[in-house]
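Below, chain A partners chain B and then partners chain C, in two separate complexes.
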Partner chain A sequence: MSRRLLGLLLVLPALAVIAFLFILPLIMSAVGAFQVEGAFGWGNFTKTFDLYTKDIIFTVVIVSLSTVLIGIASIAIGGYLTLGEHPVAVAILRWLYRWPMFIPFIVVGQILRTFLAKNGMMNNTFINLGLLTPLDAVSFLDWRGIVVAFVWKQTPFVALLVAGAMASINRDTIEAARNLGASRLRLLLEIVVPQVAMTLTVGLILSFVTMMSVLSVPLMINAQSPTMLTADIAFRVNSYGDYGVANALGLISLVLAASVAWIYLRASLKERA
Partner chain B sequence: MTAAHIPAARNPLAALWWVPRGIIFGLMAFFIFGPLFNLLLWTVAEKWYFPHSLPLEYGFSSWAKVFAPRGGAMESLTNSLIVALLTVVVSLALAIPAGYALARLKLPFRGLILLAFLIPQAFPNLTVYVNIARIFYEIRLNGTIPGVVLVHVSHGLVYAVWIATAAFSAIDAELEQAARNLGAGAFRAFLDVTLPLAAPGLMASAIFVFLESLDEFTGSYFVGAPDVNMLPLLLYTTAAGGNYQIASITALLLLVPSLVFMLIVERFLKADVLSRVGH
Partner chain C sequence: MERNGFLELRGIASRYGATQVLTDIDLSIAKGEFVALLGSSGCGKTTLLRLLAGFIGPSAGEVKVRHRDVTYLPPDKRGMALVFQSYALWPHMTVAQNIGYGLKLKGVPRQEIATRVAAMQSLLGLDGLDARKPSALSGGQRQRVALGRALAIDPEILLLDEPLSNLDARIRLTVRHELRALQKRLGITAIHVTHDREEAMVMADRIVILNAGKIAQQGTPEDVYNRPASAFVAAFMGAENVLFLNGTPQGDQFAIAAGPANAAGSVPLGGRALAAGPVEARFRPEAARLFAADEIAAIGPGITFRGEVAAVSYPGGHWRHVVRLGQTEIMADAERAFEPGGRVAVFVPAEALFLFNLPEAVSAFPISQTSSGKVHA
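Our next item is the complex of A and B:
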């Protein structure tokens, strides 16, 4: 038996799992989105846009805002880890920022639900510190809660990638600019960030796709309208058994995620040209 | 450190930098550990209602309820552990041959094959689970443990295959060749030489897959519920029912393995393996 054939035979079972348990259902969902009572048509999409246009916009705004905030926070963390001058402060930050990384989304939903509630620990602490009066306390369990949950959970992951990339760039350019009197902020924005732009974009796109498919956070924090597309899909299937509209919503979130990846591909091709 | 740092150390005003640092680190610590501390309080709160900022009575009655034989939590915990262990076994059984082939044998379209395992992570997967549930319903896998295991395997396979590939390619191929030269068969050489050397990397991939399965919500929600109860589903239903004590204890059970893993991951995932992931 040739080595090539043996190799393919060894990989085949694992590939078959992906083909039958992911690609096949993915195709089913794309086909199902255009199926209305056995015939092909646009019915599911008209219904989807009638009912869920607001939620589509809501999802895009929330996920985009979270992505931007994650990007800013991870540049700040990675930048301080790379350019920070005080070793103790850098060590504290390195120890501090990673904690939420492996905490599952469903647990993030639960703990932030109790933390951000109107009488939750955050408001209570601010009231006890005299920063807030009990009458002014509001619940953050709406779009803000979802954004906080996403930023809380995804920032460590992107920051880890970004900090790793920053650590491996050539220190000479940094030192040269520092000797010429560049401030640390200028160093970060004009020398360090451009060199890790690729890693940052990959991390942010992976986060974008992850946030597009998380069901537990919107269910736990804000399941009332307007809510995210994932909660709508679950509702459509569980309450109405309406797979047509669910698949249409799924295809829309797929297109949204794909368009982000496409922007990235176009930008990286332009860079190389 | 750098030259800029030395005069700063002599400068008495440098200590003042700890004021902004302290404020920023303090705020970060509050937002990272505050929610976690809040969770711990809920697990031991007997009585806690508005407007009190701390529980009025502490106790372990909720823990007793969770671990009571008929509490329902034990069933979820057992199911979760069985599913996670089976997911690890199936994933590694698929990933060890695949990883070995991807690392050692000449494969056509190697890059594309590696990328194929990333697909389940790179697409919004909710709609996929909905359709898997429909297929499984037809072939009577819906609401069974094997059904849930298969869904978790498809999701965890990227970690298993990528880390296994990296682990095998970090080992010197000449060691296996030496065993062959001494007369060992191909399978014997793999079993006695290559596999033990790859063990720490494979262990890391097993832990990744285990956690991924333990924490998975969406797939279990569509394929498992309501017949196969798992910890994340129990957390969701108790939290939706307003039972914050039980929900918090369940959350803690899911949280501890993740945090322990974060602290020990570097022991299993050495830099030589880590730098080869995805290549």
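Our next item is the complex of A and C:
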């Protein structure tokens, strides 16, 4: 047997797994999105946009807002770990900030449900402190709850990447700016962050895609309309067995995720040029 | 040059954890002076520079600029600019942005920044490179951008942390002279850290030799080269040949007793405080003169050693001989080559023979042990 054939044979099991468990179902559901009662057509998409345009916008806004907040929070954490001068505070933060990474989304949803509800822990604390009257207490279990959950859960992941990148930049570049009189904020924003911009972008894009696919948080925190696309997909499949519209929603999610990946690819090509 | 105490260091000490890095550094530097801090790695010279720059605080002592205590001032309030060994250029900024950043921080208007950056670029020969990123520059250009960035804020004192060590050997030679000429033209005070003896000699008005966190000697290049204050300085300045002799001071002469490889002789004391007893003698290979054993002539004061040529090589310009004198080997240069195995006389003139009393109990200086190893290498 020739070496080439042998090589192909060796890689075949892996290829088969990818082809049958990943590519084929993806194509099937993409094709399924264009099938209405056995015939090809735009029916599923018309129905999707009729019913779920609000949810699509809701999803994009929620995930984009969360991404921005995650970016700010992880720059703040990474920046303090890199530039902070109080060794004890730095050590405590370094130990503390990673914990949410190890907590599943569903548990995050559960925790925040009890924390953010109208008579949840947060409002109770405020009322006991006299900062709020029971009448003014409002539930945060809507879009705000989802954002809080996403930011809480995803910030450690991005901060981990960003802090690692910050730790590996040449310290002399920071000291050179200090030598010329840069304040700590300018050091962070003008010297440190630009040098880790690529890592930050990668982390945020991975977070964006992850948040696009979370089902438990919108179901736990925001059981109302408008809601996120994942909840709609689950609803179409579980309540109606309507795979056509579910496939169309899935394809729209894929396009949204792919569009940020495209931004990343374009940026990385530009950087290499 | 008048020592008006423009920059003063008084009793500076620094420790890193339990390690004492610097002890009792006293230094006074005049305005416009070019001072080289010279020493081997780990001697504390970079620590001293970072302490001057304000990145670390001393554990004792004070730093004064124009009689003003700056010991605990932040780095940017000292009128000093540091050029880093790694250049530390900001990779995301262009040449013009790198040079102009210090001015931007000071709130200088945009128009004026552009003018001053352009002036700095033409001063340093960086014209037409303003839009380049550091990654698209050569080593020499990066070095000049780093220098331009430091000079742009018009500092009173320029701190240079081995700025030439990352350059090609050939470029380094020209940059030495360019840097020195620029420093003279701007009249700026410069403190240059280096481990390269020749670089320090060529560039500096004054050389401060550091050893184990202390100043071993300071003086003009001629001073430290021709009148080393200790065996360490002599060895560091290239007098790597080491021999142990016995002698006694007699009037203004130091009489050296005959030894296994040398006849008795005497050299002028010349103000040196040498006590009777064993002495460490050091000299440079190029200071020695070689003769065939039978053609020795009396040529002024000095000591003649007799030995046998062990090896000869041609490093360029002269022949370098390894000569065995009894138990030790020394190196000596000559215009012509002597055959290995031949008997020779090595004459060391009095002014090139550095003599030091051996410290009590401690035998030779550590470096003398390694120098005999270098002979074999």
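We adopt the following convention: the second predicted complex is superposed on the first by the 256 of 273 C-alpha atoms of A that agree within 3 Å, B and C clash if a C-alpha of one lies under 4 Å from a C-alpha of the other, contacts with A are read in each partner's own complex, and residues count from 1 in each chain.
We adopt the following convention: a residue touches a chain if its C-beta (ideal position, glycine included) is under 8 Å from a C-beta of that chain, and two chains touch if they have at least 3 such contacts.
Predicted model, so just to flag it, every value in this text is computed and none were measured.
Within the superposed three-chain arrangement, the count of touched residues of chain A is higher for B, of the candidates chain B and chain C.
By the touch criterion stated above, A:R186 is placed in contact with chain C alone, chain B being left untouched.
Once the two complexes are laid over each other on the shared chain, residue contacts for A:L10 go to chain B alone; chain C is not touched. When both complexes are overlaid on chain A, the residue A:T133 reaches neither chain B nor chain C. After overlaying the two complexes on the shared chain, residue contacts for A:Q195 are found with chain C alone; chain B is out of touch. Of the two partner chains placed by the overlay, chain B and chain C both lie in contact with A:R178. Judged by the touch definition given at the top, the superposed model places A:Q224 against neither chain B nor chain C. Of the two partner chains placed by superposition, A:S239 touches none, neither chain B nor chain C. With the contact threshold set out at the top, residues 175, 178 of chain A are in contact with chain B in one structure and with chain C in the other.
Residues of chain A touching chain B in their complex: 3-4, 6-8, 10-11, 13-15, 17-18, 21-26, 28-29, 32, 85-87, 89, 92-93, 96-107, 109-115, 119-122, 124-125, 127-128, 134, 152, 175, 178, 206, 209-210, 212-216, 219-220, 230, 233-234, 237, 243, 246-247, 249-251, 253-254, 257, 261.
Taken together, the chain C residues at the contact with chain A in this complex read 53-55, 74-77, 80-82, 84-93, 101-102, 105-106, 149, 153. Chain B contributes residues 1-2, 4-5, 8, 17, 21, 25, 28-39, 41-42, 50-51, 53, 94-95, 97-98, 100-102, 105-108, 113, 116-117, 119-132, 134-135, 150-151, 153-154, 157, 161, 211, 214-215, 217-218, 221-222, 232, 235-236, 239, 244, 247-248, 251, 254-255, 258-259, 261-262 to its touches with chain A in the complex. Contact residues of chain A toward chain C in the complex are 170, 172-173, 175-182, 186, 190-191, 194-195, 197.
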